[in-house]
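After this come two complexes, each holding subunit A, first together with subunit B and then together with subunit C.
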Partner chain A sequence: MYRNIKPHYFSIDAIMAAQEKIQCSFIKNVEHVDFLDMTNAEKDEESDPKIELPLWMIKVFIAGKSIQFDIPKAYNEIYRGVLTADANVVDLFKLCKHFYLFGKFLSQLEHREAYEVRRTLIQTFIDRFKQTMDWAQNIDDNLPCFNRLDCLERSIFNDARVAQQHLNTYLTEGSGQMEIAAMISNYRKRKMHESRVLE
Partner chain B sequence: MMHPSEIEFMAENEIIQIVPTFNHAGHVHLICGSYGPFRAGLPLNVPIWVALNLRQKKTCRILAPDWMAVDKLQERLEEEKASKFFTQLPSNFYLEITQMLLTVASEDIPQGNDIKTAVKDLWDLRIAKLRSSVDLFIKEGRVQASLNHLTPMEINSVRPVFPDTLDALMTLHEHINSSDDREDSSQSSIATPSSASFSPSL
Partner chain C sequence: MYCDKVIELLKELERSREDTIPPYNNDGINQVLSEMKTLDAEIIEFLRKQKDNLPLDAIRLRRAAIERNKRCLMTYIWTRLQRLKEMRWEIGAILPSDVRQNLSQSEIEWFNNYCKTLVSYMKTIGSDTGLNLTQDTKPPKSLYTEVRSLVDAGKLELESGEVLILRKNSQYMLSRSQAEPLIRQGILEQVRQ
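Take a look at the complex of A and B:
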């Protein structure tokens, strides 16, 4: 039941989040990466044109101090203002599918607004938590609400939903027949296998 | 997370009084203890699962526990309303026991429907209290809370949400702590697991 919320190397969510694109521009000339920019395939990357690169690639260029990027729309000053005012009305999924994870990765990069982004992330999560929980436990048909949650919130929402459904079924219909625990049935299978091997 | 029926299974081990309609001189030896002798008309204590089993065979009458009466439950309800914290309940499995007894032996328990409503009221009240305190806990970024007198079923209702939420919050916080030295002084305003500012509550 417990999901590993922490991103790790093979976490699909983390991979998807690192795939989000950020607008950026090079401040130094970088050789041999002209294939990145499909629009003007003629020359090497130069200082002026802005292009969109995925986050994981920006990380690499940042290490060489050859790039600078803009904070994406969802995290810029205007949206930070909106989220601080009332996080509950924002459609996070539309804004950014992996709002928290991507935001966290983003704030790990060096940028002057990184600190504000982090603060907004935490505050947004806290502000929206009650709403997520209420939706999960109360409304029957809550697809429209569900659509507005970010991926992290969705996994929490789903867990809460399943548990609430179990509880509701129990309260209305009772427990019914208990099922054999997976451990016991596996044990039986193993025993059968062992006896077969012995023969 | 536990399934509600697993908690019900735990509740079935609670002791309850029955009046058997048969005679059985010897003791019945069970893992949870020895029970008996069974004498027709004389009340004795048995685990709930035994009571339900016998009741389904119509060989006994179940005596409702002391607390399972409308006026007692109303008293509890008032007490619960008046208190800011969770109050101690007579049974850790009040919801499950009521549910089980009323399903199998509704004729043995007077005012069954009223009891059902009262228990549901109590449950709703406590769950509402629990939810608002969970929300407060997250909002104020506390790191510790004492949850006295919560029953297993109630704890189970927040269990799927709570640890993951705290986990998610911690990963968000983690980074602030590890790599931010710009604003060390303002850290105390948000309590993270490493900065131990908390107040026992709930």
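Take a look at the complex of A and C:
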């Protein structure tokens, strides 16, 4: 199936990326929103109250100019430094599940560091791409590596693996071989597993 | 917080394997719909109560939440339909019963309509008998092919009218067009050259 990597209206990844939380603080008072009501919470006099909201809500408040947000940990100056130094050693999935997509949405908001974030995203992708391809094509047991990839890289990785397998089959067995549909063979394996579990 | 329920729905879908369809979560969807109705009622309430000095941020947030709920619900349905559509091409017009159980009434209806549309389209193209698009997904090399039966499948009526009885582990020479659907279903296996 043709896979669309670009975020679109129906893309689950894009929706999930916009659900990532950002720490922010309000400049103006916002009334009539229950879960933002801080009057009952203990007041900390020294620091201004901070709250974590998902990205799509932040977007709403930015349009009303009533919020200020901090760049999340994965994109701040320290991590940008780490990524620039060597992007290959970072566990992106742990850092942020939708690292590239969330970063892209983030850099579209108005923030003074937006430009740097964007640049880091592109450079990180370029630096890591070679390693991703290398893993996909050459290592058989690649679960430990796979766990460190972000969602976008994972889909590239999976596509690369399938393509490599197709190429291998072609080189060893030639073309024109008819095979059981992948969906059915997976379905059977699942059934077999279920019946074994039942026993 | 707003939209938490619909995200749960999507997570459920995301967690499942891409070639399966999880059970249709009717409860979850109804909960989201009622959340949307509440939000809408709240907005109308604001507009009615205060003519000037509207709490703009609160209204905007609720509106965004409604829009987002809508988008997520549509994504839920769309993703399921994409998987269902792929099943039509991979498995064929008859779905396994446990897949069918997981579908909603309207999804079953959609699937039947999709099958009908596909069949009537395939009738209109090609020469007078139509063209089966699900056949020859890989370029064929010969008209006939040697196959081995993997199960005791029973009778198979050939295009010529002859009846063949498929026994486990015996080999046959079949026309490619007849063998291909059976190979895809896992009943036959092509003998490697």
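Basically, the second predicted complex is superposed on the first by the 157 of 199 C-alpha atoms of A that agree within 3 Å, B and C clash if a C-alpha of one lies under 4 Å from a C-alpha of the other, contacts with A are read in each partner's own complex, and residues count from 1 in each chain.
We take it that contacts are C-beta pairs under 8 Å (C-beta built on N, C-alpha and C of every residue); 3 or more make two chains touch, one makes a residue touch a chain.
In this text, all values refer to a predicted model and were calculated from it rather than measured experimentally.
J.: Between subunit B (first) and subunit C (second), which does A:Glu173 come into contact with in this model arrangement: first, second, both, or neither?
T.: It touches subunit C, and subunit B stays clear.
J.: Given the touch rule stated above, what does A:Met16 touch, subunit B (first), subunit C (second), both, or neither?
T.: Only subunit C; A:Met16 stays clear of subunit B.
J.: Kindly classify A:Ser107 by the partners it touches after superposition: subunit B alone (first), subunit C alone (second), both, or neither?
T.: First partner only, subunit B.
J.: Going by the contact rule set out at the top, does A:Ala63 touch subunit B (first), subunit C (second), both, or neither?
T.: second
J.: Go through the superposed model and pick first if A:Glu31 touches only subunit B, second if only subunit C, both, or neither.
T.: So A:Glu31 only meets subunit C here.
J.: Of the partners subunit B and subunit C, which touch A:Lys73 in the superposed model: first, second, both, neither?
T.: In the superposition, A:Lys73 contacts neither subunit B nor subunit C.
J.: So, A:Asn186: does it touch subunit B (first), subunit C (second), both, or neither?
T.: After superposition on chain A, A:Asn186 lies in contact with subunit C alone.
J.: Can you pull the subunit A residues that subunit B and subunit C both touch?
T.: Shared contact residues on subunit A (touching subunit B in one complex, subunit C in the other): 1, 174-176, 178.
J.: So in the complex, the part of subunit C that touches subunit A is made up of which residues?
T.: Against subunit A, the touching part of subunit C is residues 1-3, 7, 10-11, 13-14, 17, 19-20, 46, 55-58, 60-61, 64, 68, 71-72, 74-75, 78-79, 86-87, 90-91, 96, 138-141, 145, 176, 179-180, 183-186, 189-190, 192-193.
J.: Mind pulling up the subunit B residues that touch subunit A in the complex?
T.: 1, 3-5, 8-9, 99, 103, 131, 134-135, 138-139, 141, 156-157, 159-161, 163-165, 167-169, 171-173, 175-176, 179-180, 182-183, 190
J.: Could you pull out which subunit A residues touch subunit B in their complex?
T.: Per the stated touch rule, the residues are 1-3, 5-7, 100, 104, 107-108, 115, 118-119, 121-122, 125-126, 129-130, 133-134, 136-137, 152, 155-156, 159-160, 162-164, 166-167, 169-171, 174-176, 178.
J.: Using the touch rule from the top, collect the residues of subunit A that touch subunit C in their complex.
T.: Result: residues 1, 9-12, 15-16, 19, 28, 30-33, 35, 54, 56-57, 59-61, 63-64, 66, 173-188, 190 of subunit A touch subunit C.
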